[in-house]
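A, B, C and D are the chain letters, set down in written order, and residue numbers restart from 1 in every chain.
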């Protein structure tokens, strides 16, 4: 069904026949059977999805953000639907790292998938504490550092929007663990490549992008914000073009492997991120819309490779053709 | 149909009966019969819409960006549809300020609506040149400065993402004209309030926000960007939550009146921006989806005021209730 | 793997049910077999990305272990879209979700209190038990009461159905809680009562207070905006009295009313209720 | 104010027309009265914000000055949604848009060349004139030719209809341009010919070259992605030989083929054509 014009863009190997395409990737030293992961905060600690999909088929699970101490989270309402997206202000509710290790991790360990722990804190010390606590615990493939938190001790400056603060944080965490360290970047910045370079300079092994865009919605009848927290994070297909752009910019700026995310719902969405330069991708809000989205994407990637005669998904990383 | 809970938020005056609500506003010294304008680049020079709506009913028209010399624009494809939005990379195609003054402005002048000329350049000198050319020309209510342009002379640094460059530019333009000067801010920055303050400090009379978010989309079959220009500006309902948030932040940071835009399609959308702090609003992509959107919004605002018993739309500016 | 919670359900019946309600019957055997009263489903109302989130609806009945029945009112864009769905259409449904009502103990007398469109899960609950029970239905006016068909089912199942409307256009004039209070105070077998309530938060708060004052145990089915329905997004949390939050979709939607922190201010406007 | 270009059109007929095409007839008197062959409409295919943009379709016929007829193929999400629209539905339509085909001068013989689904505007054009005319229909294979109904209309109107398919499954085997070239070279009344072409860009480029080589004047109806259809977004521009760009929706869609810069590389994949 493709027209002649379309075919022009496709390299010669497209004619080869590929029966069992290779989906495996290695991100930040973490080997995965396929590049499909779940984004932090949208898949709990995995167990909630075990009645819906076979977790063994996932490349990796990035768990809900974990902190040194339990966090209560924000008052409701915490979410609001927007055109092709949603706002959330959960407030990083979590039971704390000890409960995670004792109650959640044992279940996750029983699955054949890479477990990446998303961590955060409200000061450099809190970040270091949770990192040290997780270091050496079996069953953890790597840490993803959510740097989009305000440093309460340092007057609320957000680590993720200040290059110096981000560098200091990541350098400290690098010393605190031997686990693969993935910095999760905020899109709410003028130049995301500065942060990518800072992460590279601090010894990180990989990057995750993007976190949510800061947004707000107002109920015009009662004149109140739709979220009790006033502002929240925008996610979903609405932000996909911004995410693809940032992955593309960062892939050209640094050598670190990238986990791309932001509005991924279909195999085509995943391919956009991979062509833009992502080694792996994560599904976030998409899990709410189609709880099978991750597996549908893994299957769709395999079919795409077969159809196009491409032996490995790795052959597509960063392969967007830009004149 | 509203529940008791809902009514709680609404001030006491809600019971008064308002038969002819006052929609007039004054933005940056420009008097308008209602707060509804058209966003630059989405309404041409007005004439294209004269077969569809009565232009006299608009508060104001912000025309397609005008530069000192004609600009050819980018090669096609220039647009791409995204979930609840679109990407564009038109490349600021325009016939130049002389053609604008001689051919477009005379038509616009014949309507009873405020004409705001959106201007840009690829160096400080080009911005000054178009400003000086427009200064003193009758029928122009004000200038909106699109600062999202690279300064080609200064190595391509984008005025709109560098506070110092933006300040210098706006200060120079302030000297070049007595017309009301409205700075149009880019959302692709870490802290938009810095730019708002810079505009205030440079003597601007008002602010427009937001311009488009930088995005990208890829055709996964031919592996090429969907836009010949690779990246483009994301607009439409998808970006509304980001725009409302930025209007709210800026309204709390500066005293300048704000023209709010970004995804506005309905009266409720317009009210969100007004409650967040906008004095006027502009419809952009919405004009493509519903070419009557501007008038529907003006009518909807009037009905809302009547229904809620609010005498003037000005009573709603910035009235979001935040604990 | 345990039975899946994700289903492709076929619309076998979809009609206006009166009083502004729609009744939809979905063929989803896998779902129907697992369902218990008080549980709910998340229904995708559009195949596109606007609106993007699925909508939660309480299960109003399970038929022949194959079909589930829902009642809903059009209150916004999602329900308006749902109302246009034709017979034979296939919808993505997740469920059954949540904990459901705890089965009433032997010898207790359930009092089912429904405000506005809170009746569907209580209807299923009523139909599922053999206990003698009483129902209290309240709404703003006659047109907001459950459809006649549903009221008829209630009458068949309950010892008595008490109806109240704010404006007196049907049943007694006043809040449903007024009737409930009068009932409780007129009876001397109070210790056998267990209250199950579903409706607008303000009504449930009043029922909860009533029950607490009289030492009657009370369960409430809470509502919150939901994104996932699976307990992963933490979006549907309600404040609980022990501090912190619980997820309506996972630990709920049914809670002991004494566990809820009713003082917590809530902005969510419950348009479709009361 | 001049007659408006914004209409609420009622679907009076919507059916599969064969060969994968749909035929839709819209009641829109205000639009029908203004329409000329070669003009197009922008149709909103969803009331929601995904997909958000209206879709452009060439007008295939105007009936009783009240109705317009369109033919389309399902190629993506927008046309797939359109295909589900029921009779009596009301759609937002803008039009007529664009310049349309220039009326053929007296004594000229129009040659209408349609590639893939480029036939609708040429059909309208053919039906609107009294000139003796010839039609050339090309497609990848038989199943991509215009539906029989449309070919029948062509046959009634034209002196002769030449059909070509790439695979030879109908008509002669080869490109539509091969047949056109043979026709031109077999005739000695070439100076009376004017070519009007609509189809994939590659086909129109070939037609344009053919015409230029033989000194025959040629008009092409171009396609580009569109957002507004009104000439304001500048999104639909095509490169012209004098440098710079022209808007397909405003200065086009019909251009003199010699005005177009055919060398300009275009990424737009024309899935539904050829």
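Quick note on the criterion: contacts are C-beta pairs under 8 Å (C-beta built on N, C-alpha and C of every residue); 3 or more make two chains touch, one makes a residue touch a chain.
This is a predicted model, so every value here is computed, not measured.
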Separation of subunit D from subunit C in steps, with touching chains one step apart: 1
Remotest chain, subunit C as reference, centres from CA atoms: D
Gap in Å, rounded to a whole number, between the CA centres of subunit C and subunit A: 36
Between subunit A and subunit B, centroid-to-centroid distance (C-alpha), Å: 33
Between subunit C and subunit B, distance of the C-alpha-averaged centres to the nearest whole Å: 45
Junction residues of subunit A, two or more chains touched: 2, 5-6, 83-85, 219, 221-222, 224-225, 236-237
In subunit D, residues with contacts to at least two other chains: 49-51, 266-269
Touching residues on subunit B, where the partner in the complex is subunit C: 1-6, 83-84, 237
In the complex with subunit A, residue positions of subunit D that touch it: 49-50, 200-202, 266-271, 273-274
Subunit A contact footprint on subunit C (complex, rising order): 1-6, 44, 49-54, 92, 94, 224-239, 243-245, 250, 264-269
Complex interface listing, subunit B residues touching subunit A: 2, 5-10, 82-85, 87, 161, 188-191, 213-225, 230-231, 234, 236-242, 244-245, 248, 263, 268, 271-272, 275-276, 304, 319-322
Complex interface listing, subunit A residues touching subunit C: 41-44, 48-52, 54, 64, 72-73, 75-81, 83-86, 88, 90, 93, 219, 221-222, 224-226, 228, 236-237, 265, 285, 287-292
